[in-house]
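Both of the next two complexes hold chain A, though its partner changes from chain B to chain C.
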Partner chain A sequence: MSSSSRAQSPAKRLQSELKTYQSEPNDALVELGPVGDSELTHWTAVMKGVPGTAYEGGRWKLDIRIPPTYPNAPPDIKFVTRICHPNVNFKTGEICLDLLKTTWTPIYTLSTTLTAIHQLLTSAEPDSPLNVDIAQLFRQGDYVGAEALIRFYTETERWEGR
Partner chain B sequence: MGSSTYIAEEELAHLQKLSGEYQPEVTGPLVGERQSSSAITTEYANADPVYRTKTAALPSKYSHYRTCRGDGHCGWRAIAFTYYEALLRLGDKNRFLEEETRLRSLHNLLNTIGFQEHLYEDFADECFELLRKTAASVPAADESAAASLLVSFNDEALSMAIITYFKLLTSAWIQTHANDFQPFLLDQDIREYCATQIEPSICEIDHVGMSALAEVLVKPAGFALEVLYLDRSPGEEINTYHFDPLGHDGLPIPNPPMLRLLYRPGHYDILYKMEDIHIPQAAPIHVALAGYADEFVPVGRGMSDVMTLIPGMYPTGLGQNWPAVSYDYQPTAIPQPQMAAVPTYAPVPVSTTQDYVSHVNPTIPVESPIGMSINSPMTIERGGPFRPSMYELEPGFHSGQSHSLPFQTSIFRNSHYNTAHFLNPDFQPEEWTPDSEYVTSNRSRNKSSSQ
Partner chain C sequence: MASLPPRPASQRRPSPREQDPSSSDSHHAQLPGADSEAFSTTSEDSQTLLLNRRRSTQPVSSTSPQNRQTSTQPSAPKVDAEPRKCWICFNDETEDTPLSSEWRSPCPCVLVAHEKCILDWIADMEAPNSRRRAGGSGKVLCPQCRSEIHLLRPRSVVVDAVRTLERLTGLMLIPGVFVVLGSAAYSTATMLGTHAIYEIFGMDDGLQILQPLYDPPDATEASPVIRLLNHLRQHWRLDIGLPLIPSILIASRITIADSFLPIVPMIFFASSSSPDEMLNVGHWPPSAALTVALLPYIRAGYNAYYERFWLPREQRWLKEIQPRAGDTPEEGQGDNEVHNPQHIHEIFEDENGVMDIEVDLDFEVFRDWNDGGPADNHNAAEPPPVPIARGPAPPLNAPPLGANDAAPAPNVPAQPRNRNNRRMGMERGLNFNTTSLADTVLGALLFPSIAAAVGEALRLALPRSWVTSPVSGKPTGLLQARWGRSIVGGCLFVGIKDAVMLYVRWKMAQNHRKRRVLDYDKVKKRVIRP
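Take a look at the complex of A and B:
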């Protein structure tokens, strides 16, 4: 009955989010927007590093897939640029963040979700790791080794634009 | 050794991920059709004795129920649906507008908490749109309006939008009334509680959330919320929890419309009493009763015995013995309260024997007409609905049966409705027969001893 009007629901929401982002940019991001004009459910973002941490100076590209049930279901966000982080899978870029799974709430936007991912950079949880190598360094208290490893990948894997 | 630990950990992480992503298959409509609540009793027929005892008594009080899909939103959805349904039942278009205005005024709370208007207005608009749509369907027949509401709530996107909106209102209410709710959250931060237990889209309502939702949505609308907790706690009755609304004067509102939920650990369904099903509007009584009989008589019971228990209803098929029907109702009409107070259902069988189902079913027709006679707008007057008409008093009726009819009450005996009364147009003197004399005297002796 109303399914046809509902199908546009993510599109309408995404357009309003895009407009909001353009008027109020996110400090954690270099860019955020749809990949192309035709495809509104596939976005991409480039995230900045966090000054004063091992992630300083980094640039990471993220791939954002938006399900048709958005905003009732969370977006699927992955790192395209490889990042060395206990809660991010080094190969696939999958992110372990409860916000992207169980505690997703429809009042989060793509921009605020990326802010949460940005905060994850400095508040890693090595006890639920997706990258066991770096998590093990954290858990053994080898912060010098961990920081060195993160700095190495932050520099060598840095996203340099398209 | 080190590498094998890593592999084990990776494996564990993988298993953890699998179990975290596991979703049980849920089926069925988001909100189901209304059905007889004896289905619940049947469902628990082979269950734990505590459940059997508790559910055996259920259908006599709550005649019908409606399932909600157990997808993790059932509590929220059940309240949202019953809220709309209660508004629809009131049948007043202005109430919908009042509610919309009231909910809009709550947006101040949402803004105070820091929810952004351009984010929640989509959900709010869906909620208001359904309010307006339901309001527009009020003048239509009850069934089509209710059916359209049911269709709307089975639209996943729409019902999720309404649930999300109600969740945000609840969250804002909790955060702006922190003093009321903080004691129940122990040491948990109230903002964190709302972010993890109220706002997430996949998150079932808990008791604190339900209290807050009752405060923000149900009570100010003038509705009461009743939750039956069906669990294995000892006892013979299902524990019931009430959220009662207060009027502007601070006193409880008498007889508010009720939203009733049945809680079984982890799941909510919707319950109805017989009185909830009828439209309280002054519709012609025959229409309402016919609607009831067609739609809601549980399958498997003959319609005739239900009909005979409804005051004023004597379908043509029963015309022959209508005086006997009216006798059943003399006790409720004339002041003989002790007669009405001992219906057969009083000793509700709480035994755990297997045949309790057969005890339960007869309780329904006995219970329902009593509830109806109290609540239906028609009061039973002496002679009113029982007035004889040419259809009931067919000539063959008297000649064949008048002697064997058990005329028990003295009031009828001495009234002109008795064909043995000289004022009766079909006057027929009583003839003495030894058999009937024996029966009558026996009965009158019983009667006098009971009075």
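Take a look at the complex of A and C:
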């Protein structure tokens, strides 16, 4: 039985997710979908900033790789556009979010996962940093400095593609 | 990416394009009639399951050989309900094929899924290598309502046992590491303690004290456990006391221990098995046990004396050789050195906080150039022997007798003690830097050897009659036994070291005041010396 169920690739579910996204767009995203017509396991997304925060007005492109065991295994999501955030590696774009690692369950979709990442923008965890510099500012309580730095990168790195 | 938003999902997949739009978008609404088509299209390509199956679901699953029949199948037909949608594969029941597995609703909430999808998901979670395994309690929880999803699985005693065992080993890992590290530390401490005993007491007395450790195991007792218990019962003082020696040596170099070190001898007095023999306070020389037990008090006394009497002076001397630029009013006078003791005193008071820090730092420097390890040992001197005394005390050769030598002994210990204290005070602020920590520990551990060496030097230096026991009868002086010389030697070392350090500091302060910059005589082309 396991072989037959394994044979079921994530393709169908991904199509279904895509359809759902198109009928119910995600407010946090500008776009979400496969990179090309032929490759359903490689998606890309563009995320909006959060109004009223230092991330206001930002646009970030994200790269989404879907493993063959999806949805049992979480997708691999990285920021392509550089973002200044305590839990995101500034250079590689790697995201430190438990949802993408230990607490993943198939009930999440790519869209809800991206919503979670969007929420991470405003609820950083400076105690498990991937960006030590900005996390240090947070830990020292230098919110003014941190915000200035974030705004700077939000503007200078803004994704203008398309 | 440019093509994304407006297009229908189906366009992404060229081949099934024709079929998809009709199937995926509209099938719920369309009812029967397409069954035959559905069957024909499913088998080849799992993606192309089309057509609605709502009506046909029941019949198909009940007749199809692939599907297992179960009573739990939620069969309530969907008269007007929406089609059930699997929360894992996101297919709804209109997309089911004959190959699709049954629907399960394992928890109170609305989530339903294909049995295969759930089993797959669980298998993935339970896979031995899965990173999610870590906190795995073995329970599968519904991601939405957090209630447990129950599985009926064939049980195998062996598999269960191994699994339980694996979990237990996992649980034991951390404690196991601590046990191993702990025993290593215990063994090391015991070894150091043994070494300290031999150093202080010498071979003969040391052997006597440690004799039980070398006793062959009682051969009449077969069970190793009983043997171990017997050993523990008879020699627990050694088992506890030996590792305590290095611990207390180190503790005695730190101020934290000041509060409890004086209590240690109390325990010793209270627990000593033959108080009479040990507490012959009136006799001279005192027993080894008593002497050692008194060390913490001597240490405390010396420290108090030093702190009260010498520490202020030392600080003043240290202060004098500090560059003063910028921190004192005298700066304006152009003379950076303040010679006037009163001035110094004022400064001292004004900047108490700053000064302490400076003094601490200086200390470190001095220590380093002075004599590194040994210099710091004073602190450790007395306390270490205490634990030793508890166990072996009675057997020691410490017959109380005449009081002739009384004078020298008390004096000597008193001084060394003080040394330690003041050092301790200074070290307080620095204890957490690595260098001084290593310094403290190494010094403490070396101290027994140093004490023994000084004791040995005493033996060679003093008149024979002082350091040799009478041929018959009991010793008449503290220095006649090796342990006595070692203890006195340790105290002496601490005292002398502190004295030398004080002298150095004083001398440096003196010299500091007399410094002059020499002029250069350009005619003679050399420095003009006064």
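Everything that follows uses one rule, which is that the second predicted complex is superposed on the first by the 152 of 162 C-alpha atoms of A that agree within 3 Å, B and C clash if a C-alpha of one lies under 4 Å from a C-alpha of the other, contacts with A are read in each partner's own complex, and residues count from 1 in each chain.
The rule we apply is simple: a contact is a pair of C-beta atoms (placed from the backbone, for glycine too) under 8 Å apart; a residue touches a chain by one contact, two chains touch by 3 or more.
All of these numbers come straight from a predicted model, not from anything done at the bench.
Output check: A:A11 vs chain B and chain C. Expected answer is one of first, second, both, neither. What do you get?
After superposing on A, A:A11 lies in contact with chain C but is clear of chain B.
Considering only touches as defined above, state whether A:N72 meets chain B (first), chain C (second), both or neither.
After superposing on A, A:N72 lies in contact with both chain B and chain C.
Which holds for A:P129: it touches chain B only (first), chain C only (second), both, or neither?
first
Return first, second, both or neither, reflecting whether A:T156 touches chain B, chain C, both chains, or no partner chain.
neither
Please work out whether A:G33 is in contact with chain B alone, chain C alone, both, or neither, and reply first, second, both or neither.
After superposition on chain A, A:G33 lies in contact with chain C alone.
Looking only at chain A, is it chain B or chain C that touches more of its residues?
Partner with more touched residues of chain A: C.
Between chain B (first) and chain C (second), which, if any, makes contact with A:P106: first, second, both or neither?
Once the two structures are laid over each other on A, A:P106 reaches both partners.
State which residues of chain A lie in both footprints, the one left by chain B and the one left by chain C.
Correct list for chain A: 1-2, 6, 12-13, 16, 20, 69, 72-73, 101-102, 104-107, 109.
Okay, in this complex, where on chain B does chain A touch?
6, 9-10, 13, 16, 20, 115-116, 118-120, 122-123, 151-152, 155-158, 160-161, 164, 167-168, 195-196, 199-203
Can you tell me which positions in chain A touch chain B when the two form their complex?
1-3, 6, 9, 12-13, 16, 20, 69, 72-73, 101-107, 109, 128-130, 132-133, 136
Going by the contact rule at the top, pick out the chain C residues touching chain A in the complex.
It comes out as residues 1-5, 8-14, 24, 46-47, 87-91, 99, 101, 111, 116-117, 119-121, 123-125, 131-132, 134-135, 143-144.
In their shared complex, at which residues does chain A touch chain C?
1-2, 4-8, 11-13, 15-20, 22, 31-35, 37, 40, 44, 69, 71-73, 101-102, 104-107, 109, 162
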